[in-house]
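What follows is a structure written as C-alpha cells; I'll ask about it next.
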Amino acid sequence: MGEVYLPILVLGILGLAFGLFAVFAPVVIGPRRYNRAKLDSYECGIDPTPQPIGGGRFPIRYYLTAMLFIVFDIEIVFLYPFAVAFDQLALFGLIEMGLFIITVLVVYGYVWRRGGLEWD
Amino acid sequence: MTFNWLLVLFLAPLVGAAVVMLLPRSNPTLAKQVGIGFSLLTFLITIAAALKFDASMAADFQLGFSYSWIPSFGVNFAMGLDGIALVLVALSTCLVPVVLLAGWDDADGARGSVKGYVALILVLEAAMIGVFAATDVFLFYVFFEAMLVPVYFLIGRYGGPRRNYAAVKFLLYSLFGGLLMLASLIGLYVVSAEQLGTGTFDFTALAGLTIDPDTQKWLFVGFFIAFAIKAPLVPFHTWLPDAAAESTPGTAVLLVGVLDKVGTFGMLRYCLELFPEASTWATPLVIALAVIGIIYGALLAIGQQDIKRLIAYTSVSHFGFIALGIFVMTSRGQSGSALYMVNHGFSTAALFLIGGFLISRRGSRLIDDFGGVQKVAPVLAGTFLVAGLSSLALPGLSSFVSEFLVLQGTFERYPWIGVVATLGIVLAALYILLMYQRTMTGEPPEIVKERVGDLRGREVVAIAPLLVVIVALGFYPKPVLDVINPAVDRVMIAVDATDPAPLVAPVAEGAQP
Amino acid sequence: MSAILAATGSFEVPTIEYAALAPILMVLGGAVVSVLLEAFLPQRLRRPVQLTLTFATLVAAFVFVVLARGTRAIVAEGSVAVDGPTLFMQGSILVLAFIAALVMAERQVDPAGDAFAPRASALPGSEEEQEFTRLGWFQTEVWPLFLFSVGGMLLFPASTDLLTMFVALEVLSLPLYVLAGLARRRRLLSQEASLKYFVLGAFSSAFFLYGTALLYGFAGTVELRGIANALTASAGQSGLVIAGTALLMVGLLFKIGAAPFHQWTPDVYQGSPTSITGFMAACTKVAAFGALLRVMYVALGGIRWDWRPVMYVIAALTMIVGTIFALTQTDIKRMLAYSSVAQAGFMLVGVLATSAAGLAGTMVYLLAYGVATVGAFAIITLVRDATGEATHLSSWAGLGKKSPLVASAFALFLLAFAGIPLTSGFTGKFAVFTAGIAGGATPVVIVGVVASAVAAFFYIRVIVLMFFNEPPADGGASVVIPSSFTTFAITITVAITLVIGVLPQIVLQLVDQAGVFVR
Amino acid sequence: MNPSNYLYLSAILFSIGALGVLVRRNAIVVFMCVELMLNASNLAFVSFARVHGNLDGQVIAFFVMVVAAAEVVIGLAIIMTIFRTRRSASVDEANLLKY
Amino acid sequence: MNALAAAAGDLSIFGQDPFWLTLIKCLVVFLALILLTLFTTWFERKVVARMQQRSGPNRWGPFGLLTPIYDGIKLALKEGITPANSDKLVYLIAPAISAISAFLVFAVIPVGPVVSIFGVETPLQLTDFPVSVLYVLAIASIGIYGIVLAGWSSGSTYSLLGGLRSSAQMISYEIAMGLSFVAVFLYSSSASTSQIVAKQAETFSLGGLELNSWFALLLPVSFVIYLIAMVGETNRAPFDLPEAEGELVAGYFTEYSGLRWASFYLAEYINMINVSAVATTLFLGGWAMPAPISTIWPGANEGWWPVLWFVLKIYAMLFVFVWLRGTLPRLRYDQFMKFGWRVLIPVSIVWILLVASVRALTNQSDFELRPFLLWGGLILAVVAVFAFVLDVRGGSKTDDDAEPEPFDPFAGGHPVPPLPGQELIVTRRAKATVTTAVTARDSTSQADAGTEGEESAHE
C-alpha cells in the first residue's frame, strides 16, 4: 500500500538534495568578497519604508485575497469527489451540488458587489 | 356548581383591588371608600362562610374546592378551612377594614398613590386569605411568597424615613426563608413522588406520608426556618422592629397582626403535621428559642425609646409564647397558641393603631417626647390602656385566656420552662405600664398640649370593634375554642402526642377559667 | 478522500427528507436569499425587504415546526433527528429569535440609527464613518448573519451525529462572532468582545472536535446511537471514551457558558450590541443545551455514572461562580452575563438528572430563561443617557419613578431570573430541581437553592435601585420611547413570562408531549 | 505503520496548539494555534478511519477543513478590523473589557 | 486500444516495482527534468529571438545548444549573498522548497504505457493513486510557500511585494485551474492521471470522423481556462507581474544570487514543464497518439514511442508559453486579478453546472449531447474572452474618469507616499488649524458619533 508513495519520497529526497546543493554550494565553491553595500537590501532612490523583518507586516489587502481563496478552494475540495462520483450519484448529486454551487455563487455575487473583487 | 363561599371570599378583595386601580388618580377619597366597601364586603362574606362552617367537624377542611392548576407538578388550586384557618381568616378580614379606616390619611402625601395603597392592602388581604385557606402546600407557598410583594411596596413606598432599608431587610429575610422552604417543598414533593408514584402537593395526602426521620429533619428545617423568620422567633427577628417601625400603622397591624401569624400557623399546621417525628426531635431547641424570645423580646421592649419598636418587641415576646404553646405538644398549649394568634392580632392591632394616632399627632415616635396625654386626650389614653392591658394579658381581656392556656399546657409537660415563661408576664406588665406611665401620665409638655387632640369619630369607629372583640373574647372565648380544638386534636394525633396526666383540670373546663 | 475516489463500487444514493428538515432549510435558504438581496438591492430598499424576509422566514419556519409536531424520526441519513425535544427547542429558538429580531430592527431609540455600525470595516470615528452616519446609512448585513446563526441553532439540537453537530455549532457561532463586533457605539469594546468571543469560541470548538475524534476512535462512528451502542458493547471503559467525553464536554460547556469555561460570557455580553446580546444569550443557550442534552442522554447515557460526578461539580461551580461574581458587578450587562452563567448552572441540574423529567425541566427552563433574557436586554437598549446606553447600575437609580412601566417589566424579568413564584423562572427552577432531586442530585440542588437565594439578592438590589433610590445627581438614564418593534417585543416577553409563571401547564404539557430523544 | 503513532502525533499537535492559544499574545498566532488544533483533530480522524477501516473519518476531515476555512475567514476579518482600528494584533492590548 | 486503456486504468500496477527500478525511474525523471529545463531555456531564447527577427544564442555548441550549460556553470561560481536584513534560516530554506515542490509534481505524470525495463513490466509513470490530480494541486500550493517565504525573508520591500503579488496571483489562478479540472473528473469519473489518460483513449464520432475523446475537444472551455490559469500559475508573460522589472526589480528573488537564484529559476521552468505535462495528460490524451494515426499505425501506442509523443505535446504547450511571451504585453496587476476573479472563476462555475446538467441528462437518457456541448462551449469561450476585453477596457475607463479619491497612506498597513492624482487625507489636527468653520461642524458630528475609537483612529 505504502509503496505507491515510495517514488514520491525518493523524488523528494532527490529534490531536497538538489535544493540543499543549490543553497550551500555557493558557500563552498563561490567566491566570498566582503562588501557592506552588497549585504544591504536592494534599493533604488528612496528609502524603502517598511522593513519586513522585525515590525514589517504584510499589507492587509492581501488577506482579503487569501480569504477569498480559501472559500473557493474549499468549494473545489467538495466539487472533486462530487465530480468523480457524479455518474453514481445521478440526479441527487446534481441537485445537491447545484444547491452548493449556487450558494457559493451567491456569496461570490455578494463579494463582487461589495467591492471585494477590486484591486489597484 | 354550588356557590363557593371560600372562592368568593378569596376573590372579593382581588376584585376590589382591580376596581380601585381603575379609579381615577385624582380622587383618593373615592379609592378609600371603595376599598373599605370591598373590605367590609369581604368581612361579611367571611361571616357568611363562618355560619356555613360546621363547628363539629372543625378538624376537616370545609367549604373547600380544588381546581387543577399545574397537573404536571401535582399542583392544585385547592382551598379549604379547618377551625384554625377559619379564625385566622376571620381575623384578617376583620382587621383590613379597620386598618383602612384607621389609616385613612396614612397614604396621603406618600411617594405612592393613595389608590395604590388601598389596592395593595386589598391584594395583601387576598394573599392572607389564600395563605390560611390553602390546602395545597404549593399554593400555600405561593401565597406565602406573594404576600411579600404588597408588603414590600407598602413599606417601601408608604413608610417612614428608613423605609428602603426596612423594606429590603424584610424582603431579603423573607425571601431567604422562602427559598429554604421552597427547597424543602421540592424535597417533600420528591418524597411524595417516591411513595405515591406521582408527586403531589395536596396537604392531606402529604400529611399521610410516612417519611424517613432523617429526611424529615432536613425538610423540617427548611420549613421551620421560613416560619421562624416569618413569625419572628429569636434569632430571626431583627427585621421585625425595623419593618414595623418604618411602616404605616396600618401596614404594621397587618404585618405583625396577621402576616406573622402565618409563621406560627405554618408551624402548627405544616411543621407538626407533615414532619411529626422531626418536630418532636426539634422540640427542645424550639422551646429554648421560644423562651429566649419571650424574655429577650420583653427585655428589649423595656429598653425601647421608640413606641412602634416597643410594640414590635412585645410581639417578639408574644410570638415566643405562641411558639412555646405549639411545641410543648399538649392540646391545651396548642389550643392556647391558636387562640393567642387571634387575640394577639387584635390587641397588637389596637396598640399599633392607637400608637399610630399618637405618633401622627405629635410627629415623633419617641416616648420621651410624650407625657400627660391622658389629660389632653382621655379617650385615646383610655383605649391605649385597654389595648396595653390586653397585651399584658390582664384577666378579663382576651389575651389572658390564651396565655393562660399556653402556660398551663407548658406546666403540664415542662414545669420549669413554665416558670421561666411566666417571668415574661411580669416583664410584659413592666413594659406596657412603663410606656403608659411615661407617655400618658404626668404633666403634658407644651407641644403635646398643642398638637395632641383626642380621638376623632372615624378613629373611634375604627378602634371600637377591636376593643369590643378583645373584651368579648376575654369573657367568652368558647366559640373560637370550639372550632380550634378539633383542629388541634388533629395535629396532636398527627404528632402522636398525648396530653400528660391532667394536673389541674380537663381541657374543656380549662377553656373557661 | 483517496478511498472515496477509489470506491468505484456502487454508492447508495442518500435520501434527504426535505420536508422534515424544512424549518432548518427554510431559515438557511432565507439567509442565502438575504445575502443576495444585500448584494443587489439598492440601499433604500434593503431594510424593508430584509426585515420582511427575516420575519417571514422565521414565521414560516415556525409554522413548519408546528406542522411537524408528533414526528419522531431520524432523517438525512442518520444525521438529524426530528423528535419532540428537537421540535420544542426549534420552536423556542424561532420564537426567541423572532422577538430578538424585533429588538434588532429598532431604529428609533438611537438618534444615529440602529444599533449597528453603518459599516463594520470603517474606522470608528473616521471621516468615512461620519459620512455614513450623516447619510443615515444603516447596517442590513446583520440580517443574513442573524438568519445563518438561527439556522445553525435550529440544527444544533437536532443533530444526531457529532459531525453535524460540529458543523451546526460553527454555523451558529461564526455569524455571532461577527455580530458581536458590530456595535455602532463603543466600537472598540465591541470589537474586543468579538475577538475574545472568536478566539475562545474557536478554541472550544477545537476541543469539541478533538473529543469527537476520540469518540470516533472508540466507536468507529460519530453517530450518537452508534457511540451508545459501542459503549454498551464494550466491557471496560477505554481511555478514549473518558478523554473524548471530557473534551466534548469542554466544547459544549463553553457554549452554554458553564464554569470554568464561562470567562468569555461577561466580556462578550458587555461588549456586543445589546440586541445581539439578548439574542445570543437566549438562543445560543437553548441550542447548546439542546445539543448537550442530546449528547449526554443519547450517546453517553450509558456511562452516566462516569460523567455525572464531574457534572455535579461543574453545575455547582457554575452556580456558585455565576452568583458570586454577579454580586460584585456594577454594569447591568455584565451582571446579567454572570447571572446567565448562574442560570446555566441551574439548567445543568436538569441535564444531570438524566431522566425524561430532567429533559422536560431543562426545556421549560430554557424557554423561560430565554424569553426573560431577550426581554431584559430589550429593555437595556431603551435605557439611555447622552452617551448611548446607560449600562452602569448607578444610572438606573430612580428609573421606577421616571418610567414605571418599563421598570416594572424589568423587575418582572429580574424576578423571573431569581425564580420567584408566579414568574416563568420559578416554573423552570421547580421543574429542574424536582428532576434533579428525583435523579439523585440532591447535593447539587441544595447548592442550587442556596445560590438562587444569594442570586435573588442582586436581582432585588436592582429592583430596589430602580424603585426606591433617588436618581443620581446628573439625572441618570432615562427610557427612550421605542418604536412598535421593541414595544411589541417587550410586551410579548412580559406576557410569556407571566403565562409560564402563572399557567405553566400549557408549556409543561408541551414538553411532556415532546417526550424523549429518539434514538 | 502503527496508527497509534499518528495518534500520538495528533495529540502532541493538539497540545501544542492549545498551549499556544493560552500562551501566545498575538491574535494571529493564537489563531494559527487554533487551526493547528483543528488539524490535529483531522489527523486523529484520518488515523482512526484507518484503524476502523471505514471512511467516516476521512469525510469528517473534509468537513473540518471547510469549517476551519470558514473560521479562518471570519477570524481574519475580525482581526483585520481590530487591526485597522488599533494597528495592533496583540490580544493583550485588547483590554477594555476588564473584570 | 481498449485493452491498453484497461491495463493502464488499473491502479494496482503501481507500487509493484522493485526498489532498484523505482530508484532508476526517479533518477531518470529527476535528470530529465533538469535537462529539459536547460533545453527549454535555450528553446525559449531561440524561439523568442526568431519571433523578433534575431538569431538567438548561437555561440556555444551547435545552434548555441550548450549555452544553458555555460550559464549554469557561471551561476555556480557566483557568490551566494545573504543580505544582512534577511531572516537567514527562512531565506535559505525558501529556494529548496521551491525546487522540491517543482520536482515532485512530475511523480504522477504518465509518460507512456507499460514497458519492460530489464525484464520487469512497469508503467512509464513513477506512481499513481486515485487522487493524483489533487496531489498535483497540493504540491503546487506548497511551491507558493517557497515564493512567499523568499519574499518575506529577504528583508527587502521589493522582495516582499513581489512575493505577495506572486502568491496572490498564484492562488487566484489556482482556483480557476482547480475548477477547470472538475469537468474533467465529471467525464473521467476518476482523479487518477493514468485513468484520465485511459479515458481519453475512447473514441467518439463527430461528423463521421472518429476522434479520440480528448477532453480538450469535449470540454473546450475547461481547456481554455486551464491554459490561461496555467500561464498565470507559473508567473509567465503576460502574467509575469511579480517579476515586473519596472516596478519590482526581480520580484521575490531580487535578493537571491548564484545557485540559489538558479534554483528559483529552475523551479519556474520545471513548473512550466509540469503544467504542460498536466495539460497534456488531462486534456490532450496524455502520451497516446490520437485516433486517425493510431488506427493506421497501432504500434504508435506501444513500447517507447509514446514517450516521444508525450515530449512533443509538452513542447507544443511550451511553445505556447514562449509564443505568448513573444507576443503579448504585460497586464496591469488589477486587470490581471480582475480577470482571474471576475471572468475565469464565474465562467468556470457556470460551465461546471452546465456540464454536470448535460452529463446528468445524457446519463438518464441516451441522448447524445457531445456535439451540442462542444459548440456551446466554444460560444461560451468566445463570450468569456469578450467579457475579458470588456472588463479590462471598461475598468480602465472608469479609472480615468474617477475623482481623485482621498488617499489614506496607512490603508495598506504601512505608510506609503501618495501617487500623483491622489490626495492625502488631512488629519483632524491639521485641519483644525486650517479651517475653523469646518471644525465646528466636525466636532458636533464627532460628539454624535460618541465612540471611544476616535482618539486612537488617527494617532
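Labels A, B, C, D and E are assigned to the chains in the order they are written; within every chain, residues are numbered from 1.
The rule is simple: contacts are C-beta pairs under 8 Å (C-beta built on N, C-alpha and C of every residue); 3 or more make two chains touch, one makes a residue touch a chain.
Protein identities per chain, from UniProt: A = NADH-quinone oxidoreductase subunit A; B = NADH-quinone oxidoreductase subunit M; C = NADH-quinone oxidoreductase subunit N; D = NADH-quinone oxidoreductase subunit K; E = NADH-quinone oxidoreductase subunit H.
Quick caveat: nothing in here was measured; it's all calculated off a predicted structure.
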| item | value |
| --- | --- |
| Highest C-beta pair count, chain pair | A-E |
| Most central chain, Cα average position | C |
| Intercentroid distance (Cα basis), subunit E paired with subunit B, Å | 92 |
| Averaged-CA centre spacing for the pair subunit B and subunit A, given as whole angstrom | 83 |
| Gap in Å, rounded to a whole number, between the CA centres of subunit C and subunit B | 45 |
| Euclidean distance of C-alpha centroids - subunit B vs subunit D, Å | 66 |
| Sites on subunit B at which at least two other chains make contact | none |
| Residue list for subunit E, restricted to those that touch at least two other chains | 129, 134, 189-191, 413, 452-453, 456-457 |
| Multi-partner residues of subunit C (at least 2 other chains) | 1-5, 123-124, 187-189 |
| Complex interface listing, subunit D residues touching subunit A | 1, 62, 65-66, 69, 72-73, 76-77, 80, 83-84 |
| Residue ranges of subunit D touching subunit C (in the complex, touch as defined) | 7, 10, 14, 17-18, 21, 27, 30-31, 34, 37-38, 40-41, 44-45, 47-48, 51-52, 54-64, 67, 70-71, 74-75, 77-82, 84-86, 91, 94-97, 99 |
| Complex contacts: residues of subunit E adjacent to subunit A | 14-17, 19, 22-23, 25-27, 29-30, 34, 76-87, 92-93, 95-104, 106-107, 126-129, 134, 152-160, 164, 167-168, 171-172, 174-175, 178-179, 181-186, 189-191, 249, 254-255, 257-260, 262-263, 266, 333-334, 337-338, 341-342, 345-346, 349, 352-353, 356-357, 359-360, 363-364, 412-416 |
| Subunit A - residues contacting subunit D, complex | 2, 60, 63, 66-67, 70-71, 73-74, 77-78, 81 |
| Complex contacts: residues of subunit A adjacent to subunit E | 1-8, 10-12, 14-16, 18-27, 29-33, 38-44, 48-53, 56-62, 65-66, 68-69, 72-73, 76, 79-80, 83-87, 90-91, 93-94, 97-98, 101, 104-105, 108, 112, 117-120 |
